[in-house]
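The structure appears below as structure tokens.
Labels run A, B, C, D, E and F following the written order; every chain starts at residue 1.
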């Protein structure tokens, strides 16, 4: 995003509310509805979803989402959906001042458990 | 995505179904629910949502989504949501063979009409 | 349905509640969500949905659903969805005593207005 | 449906997309939301939903839906909902050329497991 | 509510339908969607929700809702949501004749099981 | 609520997040889904929903919700739903330390426009 946008976001200076808190809630709520959005995704009783934001350089916001369950199926789709909707929410709340924001690199970083085994993205 | 994944996707060789057709439907359905996902987004009666896919290089799938309405408010969030969920659906249907797929550059290309004026991304 | 089922339904003698009233509410609520269920259906602001039941012969319940809107698009899908979900609800509430119930002949009887013109089913 | 409709559907000659693939996705997604539609239906973690289509005679499409779960409650409502919404989707996508299509005989064919015991429709 | 409203409600004399039966269904359906409404609420597979109404004095309707599950997490939010939406539904169906109705004292009466222990409201 | 709860809420000292901001978002999102919750409520394109909180005495939080639309139908149900779900969310986020919180007096304060005329609650 533009540096001016990131500055106002960090200072909570956007009129529509606390952008990152709204994005966090939006991401958590979207994670719970992943199986309604992604057609072949199983409904899974999530135990927890956590979303964290990090201010990177002068013009980026990093989003990390983590999902946990005790079900037999993986929950990477829940985490990716949480991150995507959190990013869309940031875009929505900043678009009045910065339409050029880009959402980049939504990807699985690491996964453990589940029948398909562990995964860790190679650097 | 890996070239092998893109090849199987293009040949409709994935066991879970026609990936791009499922992703297209998922994106259209998600666009209609944008205001349920993005907290401060207005509910808007969409007139049309169109999603197109393009095979780019040997290892990418391009997704373009377009939304139209006659309402006074813009529908860029609907188009961005459609593209995001279409991409998540492709990931979901390919993840059994390729967990490393990355969703890149979800961004507004162009917008016309609406009270905030026209927008065209500079190259 | 079996005659015994219809008899208990008519006498409001089923333990789960007033079957036809529950089915009526379920049908109305489903009509409002038609565009979430049928992928290429436009979201339409419904003005009214009405569902009526008729006891036919000794072993049938007739369901008629009517939807009205002032939008430019037709609402036959809303009426058909209302009737379908009302029927599924009757099945659900009677299935403990009669699993053999069949839902027959969900069809458009008549339509007026809309850009596609009027329709009346020929006898 | 009219024979001309069935012919175009079989040849994938309808402009709105691959009708049966869209109907399949719609049915699967509806099955996951059965408990939101049918008021007294329990929310059940579905393990699988499968929908198959069969071209019957010259003017019919057969739809069979199967649902599986490891929960204690039956999932016949999920299968019936999947079949109903798949049928409604076919109607929606063909209605521009054939408003007279009828949805017939939505019924439970067979069920095994669950506290209410097995069921097989008598011929 | 006004005594006249309560009288008509008790006599099922309101034109929009059987108010308490509609409110009961609305409450049950809302309970199943609690985790979609309350952001940090876990999705829980409810075993049962029961709603009962009691005519109190000449101008009140008492609503009691009870939720049960075998999950590890409590379901007081599901019961409170059921009661709230049942009350909102009564308001909606009576508002044409009585806009002054107040919803009072939505509260947890008792809870047993769950990791947080038992609770019983002190008189 | 208990004074200790109100104090921690005011100091943003609850571990689950900024309670009032989460409640505000929950209320706004619920308002947009009112017609899915209240069976006979029309789907209405909301123009705006605003929720404000006020710390009253030492043990209360006041919630006021306002909804606006240009549709012909009233939006008091949307405002009441917003307030109810905001209150439920506060309960949910404080219940670990205070199960005895009561939600009191959900009521329409004032309404203008709409075919049923203006309303202002008499003191």
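The definition used in the following text is that a residue touches a chain if its C-beta (ideal position, glycine included) is under 8 Å from a C-beta of that chain, and two chains touch if they have at least 3 such contacts.
Just so it is clear, the structure is predicted and the values come from calculations on it, not from any experiment.
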Could you tell me which chains make contact with chain D and chain E both? A, C
Can we say the copies chain A and chain F touch using the same residue numbers, with more than half in common, or are the two sides different? same
Select the interface copy of D-E from among A-D, A-F or E-F: the correct pair shares over half of its contact pairs, counted by residue number. A-D
Between C-D and A-E, which chain pair is linked by more C-beta pairs in contact? C-D
Where chain A and chain B are represented by their mean Cα positions, the distance between them in whole Å: 16
Centre to centre, by mean C-alpha position, how many angstrom separate chain A and chain C? 40
Rounded Å distance between chain B and chain F, as computed from the means of their C-alpha atoms: 34
Which chain C residues reach two or more other chains? 17, 22, 25-26, 29, 33, 39-40, 45
Chain-level touch network, classified as line, ring, star, complete or other: other
Name the touching chain pairs, please: which are they? A-B, A-D, A-E, A-F, B-C, B-D, B-F, C-D, C-E, C-F, D-E, E-F
Chain D-touching residues of chain B, taken from the complex the two chains share: 17-18, 21-22, 24-26, 29
Which residues, counting only chain B, touch chain C once they are in their complex? 25, 28-29, 32-33, 45-47
Show me the residue ranges of chain B that touch chain A in the complex, using the header's touch definition. 16-17, 22, 25-26, 29-30, 33, 37-41, 76-77, 80-81, 84-85, 87-89, 91-93, 95-96, 99-108, 111, 116, 119, 121-122
How about chain C: which of its residues touch chain B in the complex? 35-36, 39-40, 42-45, 71
